[in-house]
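Report on the structure given below.
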Amino acid sequence: MWLVRPAQPDDLDQILAIAGTQSARLSSTLPKQSDALAYKIEHSLASFAGKISTEDDPPRFLFVLENTGTGEIVGTAGIDARAGNGQPFYNYRRDALIHASHELGVSRRVEVLYPSHSLTDNTLLCSFSIRPELRESDAFELLSRARILFIADHREWFTQRVTVEIQGVQLDSGSVPFWDSLGRHFFDMDFETADQYSGQLSKTFIAELMPPNPIYVTLLSEAAQEALGQPHPMTVPNFELLQREGFQPGCYLDIFDAGPVLEARTDSLRTLVTSHPKSLHAANRDLGETCLIAAGERDQFRCTLTPVSETLEDTLKVPVNTWKVLNKTAGDRVRIAPL
Amino acid sequence: MLVIRPLQENDLDDLYTMAQNAGKGLTTLPADRELLEKKISHARETFNQRCAPEAGLYLFALEDTQRKKAVGISGIQARVGLDEVFYNYRLSVAVNASKELGVHVRTPTLHLSNDMTDTSEICSLLLSDEYKGGGNGLLLSRCRFMYLDDFHKHFSEKVFAEMRGVSDGQGRSPLWDALGAKFFDMEFSEADMLSGLGNKSFIAELMPKYPIYLPMLPDSARAVISRVHGNTAPALRMLQAEGFNFNGLVDIFDGGPVVEAFVHNIRTIRESINRHAMVIRKSVNLDVPADERVMVSNRSFRDFRVTTLPMHCIGPDTVSLPPEVADALQVESGDPVRLAPLKESGMLTKHIYRSSVPGGASKWQS
Amino acid sequence: MWLVRPAQPDDLDQILAIAGTQSARLSSTLPKQSDALAYKIEHSLASFAGKISTEDDPPRFLFVLENTGTGEIVGTAGIDARAGNGQPFYNYRRDALIHASHELGVSRRVEVLYPSHSLTDNTLLCSFSIRPELRESDAFELLSRARILFIADHREWFTQRVTVEIQGVQLDSGSVPFWDSLGRHFFDMDFETADQYSGQLSKTFIAELMPPNPIYVTLLSEAAQEALGQPHPMTVPNFELLQREGFQPGCYLDIFDAGPVLEARTDSLRTLVTSHPKSLHAANRDLGETCLIAAGERDQFRCTLTPVSETLEDTLKVPVNTWKVLNKTAGDRVRIAPL
Amino acid sequence: MLVIRPLQENDLDDLYTMAQNAGKGLTTLPADRELLEKKISHARETFNQRCAPEAGLYLFALEDTQRKKAVGISGIQARVGLDEVFYNYRLSVAVNASKELGVHVRTPTLHLSNDMTDTSEICSLLLSDEYKGGGNGLLLSRCRFMYLDDFHKHFSEKVFAEMRGVSDGQGRSPLWDALGAKFFDMEFSEADMLSGLGNKSFIAELMPKYPIYLPMLPDSARAVISRVHGNTAPALRMLQAEGFNFNGLVDIFDGGPVVEAFVHNIRTIRESINRHAMVIRKSVNLDVPADERVMVSNRSFRDFRVTTLPMHCIGPDTVSLPPEVADALQVESGDPVRLAPLKESGMLTKHIYRSSVPGGASKWQS
C-alpha cells in the first residue's frame, strides 16, 4: 500500500536519491545536499511535534510517500506554514499600465512585472517530487492531497490562503528563457545555481542581486514573454490536479522562471471541503470506492488510499489492513475524502 | 565677407531652404515655414529684450554680405525646460553584489531625467553645404561662446549641447527601434518631429517611467548609447576641444550624448582678449587660411556681429580693422571689440601682451 | 412617487442645482458647468439609445431621481460602462514590500502605493448625489440600486466587474490630508481644482503631473496615513449600502483623497442575483412589501418603488399607479427586487 | 619637523588614539583596533604592490619627527565599490508640467545611485587637535594630490570626496530622522558604524529602492541635503579652492555632498612644478608662516614623503634642501622632487622660471 507520513531521519538517503533524479526546479525547496536535507528533516519533525513557533523560523513540514510493501520511499511533498519562512517571499506581480495620449489618439497596454512580496506568510505547498512512473497514478494524487488533509486536521497552524509555485518553461537544452532574458543579467549565474541558492534559508542574495525596479515585459525576449505564467509541460498533471483542488493562477509569477504561482482560499480547498471526520470500523471485504483516508495528529499523521465499503453518518468501514497502515484501531477518529 | 548677425524676419526664405536641405535629425529646426517664422519672431523679441530673459532664444545668421544671403544659422536657448518639459535619460550604473556568493554585477541603467531644466543650450547649428569648410562652421559655432560670456547674466553658469545620435541612412535609430518604438506607436522620424514641434505632452503620456536596464536591450541599441552620428563627430570634437564633457545624459530617442561645460571654462572664452577697434585705411587681405584668422565681435547685445580677421591685425592694445570689416561689425575707432581664436591651436598667444577679459587667460598664467 | 429615469436635457438646471449643493468630491464625475453637464446629458441619451460604441468614447449613463408628484429632480446617479472612458483610470494600489535583514534579524513591512491602471475598463458606478434630507430614505436606496437593475437588463453593455469610488477623508476646513501630503506637491493646485479637472474627459494632465514612481506610505503625513482607504463620514450610508450590495474594498485607493475603491463581480451583485423578471398585473390594494421595480429597455428605462401584494411564478401584482410611472401596462415585462 | 610618509604597522597605537578622540562621523576610520590593524596592513600591501592596483588603499601618516609620533592621517582609496557596493543618492529634478493647465512643477528627487563605483576617493583625514593650524591640515590633505598625479595610472581620472553632512551635538542627523530611520530600525550612529565596518548588505536589504520625492520630507531634512557639517566647512572650502565641485550625489544617511574633480584640473597639480634637489650645508629657518612655505615631495611610490619648505629655497632648476629636510625626504642632491603651494594664493608663481610638470602650468600659459 501507499502511505504518506512525516519524513524521518532514516529516509535521508532515499530522499536524496529522489532529489537527484528530479528536474532542477525542485531544488529550491528540496535540497540536494545531505547536510541541508538532514536539517530540513529535523526541522520538519520539530514542526510536526508542534515545537516550532511561527514567528522567527516558522514550521515547515516534509512528507514522504512510502511503498509499505517494500519500505521504499518514492516521493516527497512539503508544506511551509509561512511562505518565505520569516523572510520575504519573492514573486513578480504581472500588471499593466495604460499609456495613452488623448491628443494623438493612441492607447497602449504596457505590461509591467513588479517585484512583490505580497504572498509572504501565506501557507505554501512545496517540495513535491515523485518517481516519474507514478506520475499518472492514484499515488500521485494521494501524495499531493494528503497535505490538504493534514491542513484540515491542523487548521490553526496554517493561514487563510495557500500558495503553490509551478515550475515554468525550461527547454530540453536546460536553458530557461525567462532567466536568460532577465535574471541572468543581474545574478551572474546559471539558472540551476540560482535555484539551488534560493533553496537555502537566507534570501539575502536575492535582496542583494534582484533588480529592484519594475520590468517592462516588452523588453524581454520573445521566448521569455511567451513563458510568462506558463507551466513546464512535465508539471501539467500536477497543475491540473491543483486546479481541480481549487487553486487558480493569479497575477504572480516565479522570479526565476516566470512559472505560474497558484493561490486558493484554504477553507475552500476541495479536499478540505469534501472531507469528513469519521470513526473507524471494520469492513468485511476489500471492495468499494477508493478514498483518501488520514489519521493521527501531529507527528503521528498518516494518510493512505483505502477501499470504503460503507460510510454512514459518523462511521466508516474500511479493511483492517488500512487500520494497520494508519496505526489506528476500531473507534479511532479518521478523516476521509473522495478520490 | 561672412558675418554673424542676429537672425532677421527677411531670413525666412533662406532659413526654410536650409532646413529643407538639412533633412531629418535637426529637431530644433524642422522645415516648417510657420514654425520657422515663429522662431525668427521669438529671436527678434529676445534681441530687443521684449521677452523674459529666461525665455530668450538667440538665433544668429551667418550672412554672405556680397550675396546678402543667410547661409548658416546657430543659436542659444537661454533656458530649457521652462515652457515644455525637457527630457533626457541619465546613463547610470546600478551595482548588485553579494559578498557571500562572490557576485558583483554592474548594470548600466537609463533613468528618465529632467536635470538639464533651467540650463542654457547651444543649438540649431546649420550651415549651407556650399559654405562648409574654411572655418565657417567654427565661426558659426564659436561666436556663441563670446556672446555667452559677454552677456553671462542672461545665461546659466553651465551650458550644454545635445549631440545627434546614431541613425542609419534611412534615418532608423537602433535605440529607437529597441526601446522607443516599443512604447510609442510611431516611427522615429515622427516622434522626433513631434518633439521638435514642441509637443511634448505625448512624451509624458507614452514614455516608460521606470528605469531601463540596458542588458535587456539588444547589442545594437546598447552600442549607440552616448555615441554620436558620424556627421556630428566633427562638432563633438570641436566642443571637446572647447572643454565640453559628456555629462551622463543622453537623448531619449536616439541615445546621442549631452555635453556640457562651465561657461568660464570654455576655451574660446579663456583664450579671448579685448581690444579697441582702430579703423585703418590700408587694405588687408582677408582671404588667409582659417588658422591664421581670429574671430572679432562687436560685443553688442542687440546687434551682435562677428567676423574673422587675419591674426596680424592684433596689436598690443588695439586691433586694426579695414573699413569693410568695421562696417560689417558696425564699429568705429575706439569701440571695444573682443577677439578669440577661430581654430584649435593657441596661436593667439604670441599676439597677446595684455589680457583684459574678466575670467580670461590671466587667471591661468603661472 | 419616486422615479429613477434617464436624465433629459430639460433636467439641466435642476441637476446643476444639486451639483452646486453637493460636496466637492462629486465634481469629478458630475460637472458643475452648464456646458459640460449639457454634453454629459446628451452623451448619456445617446448611450441609452445604444448609439455609442464601447471603443473610443464608451457609453456613460446618467439617471435622475424625480418626485413624480412635483416633477422635482432630487438626485443623480451614473454608470460609466468603461472606467476611464477610453483613457487610463488612475488609482493607487496599496501593497507592501518586506525589507528584511537576515544578519541583523530585522524584518519590516514597508507599505507602498503603486500608480495603477488596473481598474481601467471595469464598469464604474459614479455621479451619485441626493438631497441631504433623503439620505436615510428608501429613495436613497432606489436611486443607487436602480442602476444595478439597469445593468441586469442590459448586461451585455457592461463588464465582468463593477467598481465604485467612495469619497475619502476631507476635514471640515475643506482640507484633504492625503492631497496635502502628496498630490498638492505635484499638481500645484488645491484639491477642489484637481477634482474638478479630473471630471473633464482628457486625463492628459494626470499623466503629465502625477508622480510616476511608487510612494512610500511611511513618508506621508500621519493624517494622510490615517486617511488611506477611509471613507468620508458623510458617505457611510452609501458605503454600507454598497457593501450590502456585495462591493468590497480591495487594495485600490483614489489618487486624490485616498478614499476606498470598491469592487464586485457584476454577476454576484445582490440586486442582480435577487431580482427576477415578471409580467405585470394589477393589484387591488396599495398594500404589501415595498420592492424595487424596473421596466423599459434602453432610453425607456424606469425604476420606482412599489408595494407588491402578490407574486407568483411569473406574475406580479402591483397597483396600477405603478404601471403609469413605469409607462407600462398589463402583461408587460418588468424586473423586481426586494428592498 | 612634520613629514608625510606611508602609514606603518607601529602607527597603530597613535592611530587608535586619534580615532578615539575623533568621535563619531568618520565612517572610514572607526575606533576599532582590529579594523585599524587591518587597514594598516592593507595600506602596507598597497605600497608594496602586493595587492591588485584597483584594491589599493593608500594611507599616509603625518609624523612629528621629533616625537616619532603619528599625529595625522589621510588616505586615498584607489577604487570604491569593487568589494562592497558604494551607495549615494543622486539629487535630481523631476519636472511635471501641463501646458493646458499652466502648471509647471519641479520636484527635487533622490535616486539611489552607485555612480561613484570604480572612482578614486580621498578619505580618512584625521589630525590631532594639538597640531591643528599652521597649514598642517593643508599638508595632510594636499599631499595626496601630488601622489594622485605622479602615480595617476593607479587611480581614476576623476577623484571624489564625501563630505560629512549636517548633524547636531548629539550626533542626530535630520535627514536620517526623516528618511533613514523610517526604514532602518536603528540609530544613525549604528547605521553609520555598520556601514563603516564594511557591512553593506543590510543597505541592499533595508534601503528604500524607489526614488524619494523631497517635498514629502520635512523642511529640516530638506534643508540639510547637500550641506556639510559645520566642522567640515573648512575642508569643503579647501577642496573647492582646488577645483572640486558638487557632483549631484549625496550621502544616503546624512545627505552630505560628494565633491569631485578631474585630477589634471586640481589646482595643487596645475600649480606644481618639478625641480632637482640640491642639498645645502647652510641652515634654513623652516619655521616660517604657512603662506611662505611650499610642499615638497620625493615622488616615491613606495616611500612617499612630503614636508614643507620656505618658498625662497626654490631656484630656477633646483630647490635648496637643508640636510634635515633631505633626510626627512630621503633624497640626495640631483634627485627629482615636486613642489606645490601649501596655501591658496598663487604665490609660487613668481618663483617659477620653467615648468616641467606634464599636464601642469605650461598648458595654461597664454
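A, B, C and D label the chains in the order they appear, each numbered from 1.
Rule of thumb we're sticking to: a contact is a pair of C-beta atoms (placed from the backbone, for glycine too) under 8 Å apart; a residue touches a chain by one contact, two chains touch by 3 or more.
This one's a predicted model, so the numbers in the text were calculated from it and none came from an experiment.
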item: Interface with more contacting C-beta pairs, comparing C-D to A-D; value: C-D
item: Remotest chain, chain C as reference, centres from CA atoms; value: D
item: Inter-centroid spacing, chain D versus chain C (mean Cα positions, whole Å); value: 63
item: Centre distance in Å when chain B and chain D are each reduced to the mean of their C-alpha atoms; value: 36
item: Rounded Å distance, chain B centre to chain C centre (Cα mean); value: 55
item: Residues of chain B touching at least two other chains; value: 85, 94, 96-98, 100, 104, 201, 204-205, 210
item: For chain A, residues that touch 2 or more chains besides their own; value: 99-103, 202, 204, 207-208, 213
item: Residue numbers on chain D that touch chain B, as the complex places them; value: 81-86, 90, 92-100, 104, 106, 111, 113-115, 117, 201, 204, 248, 270-271, 346, 348-349, 352, 355, 361, 364-366
item: Residue ranges of chain C touching chain B (in the complex, touch as defined); value: 204, 207-208, 212-213
item: Touch list for chain C against partner chain D, complex; value: 99-104, 106, 108, 110, 112, 181-182, 185-189, 197, 202, 204-205, 208-211, 213-216, 218-220
item: Residues on chain D engaged by chain A in the complex (per definition of touch); value: 201, 204-205, 209-210
item: Contact footprint of chain A on chain C as seen in their complex; value: 84, 86-88, 93, 95-103, 107, 114-118, 120, 201-204, 207
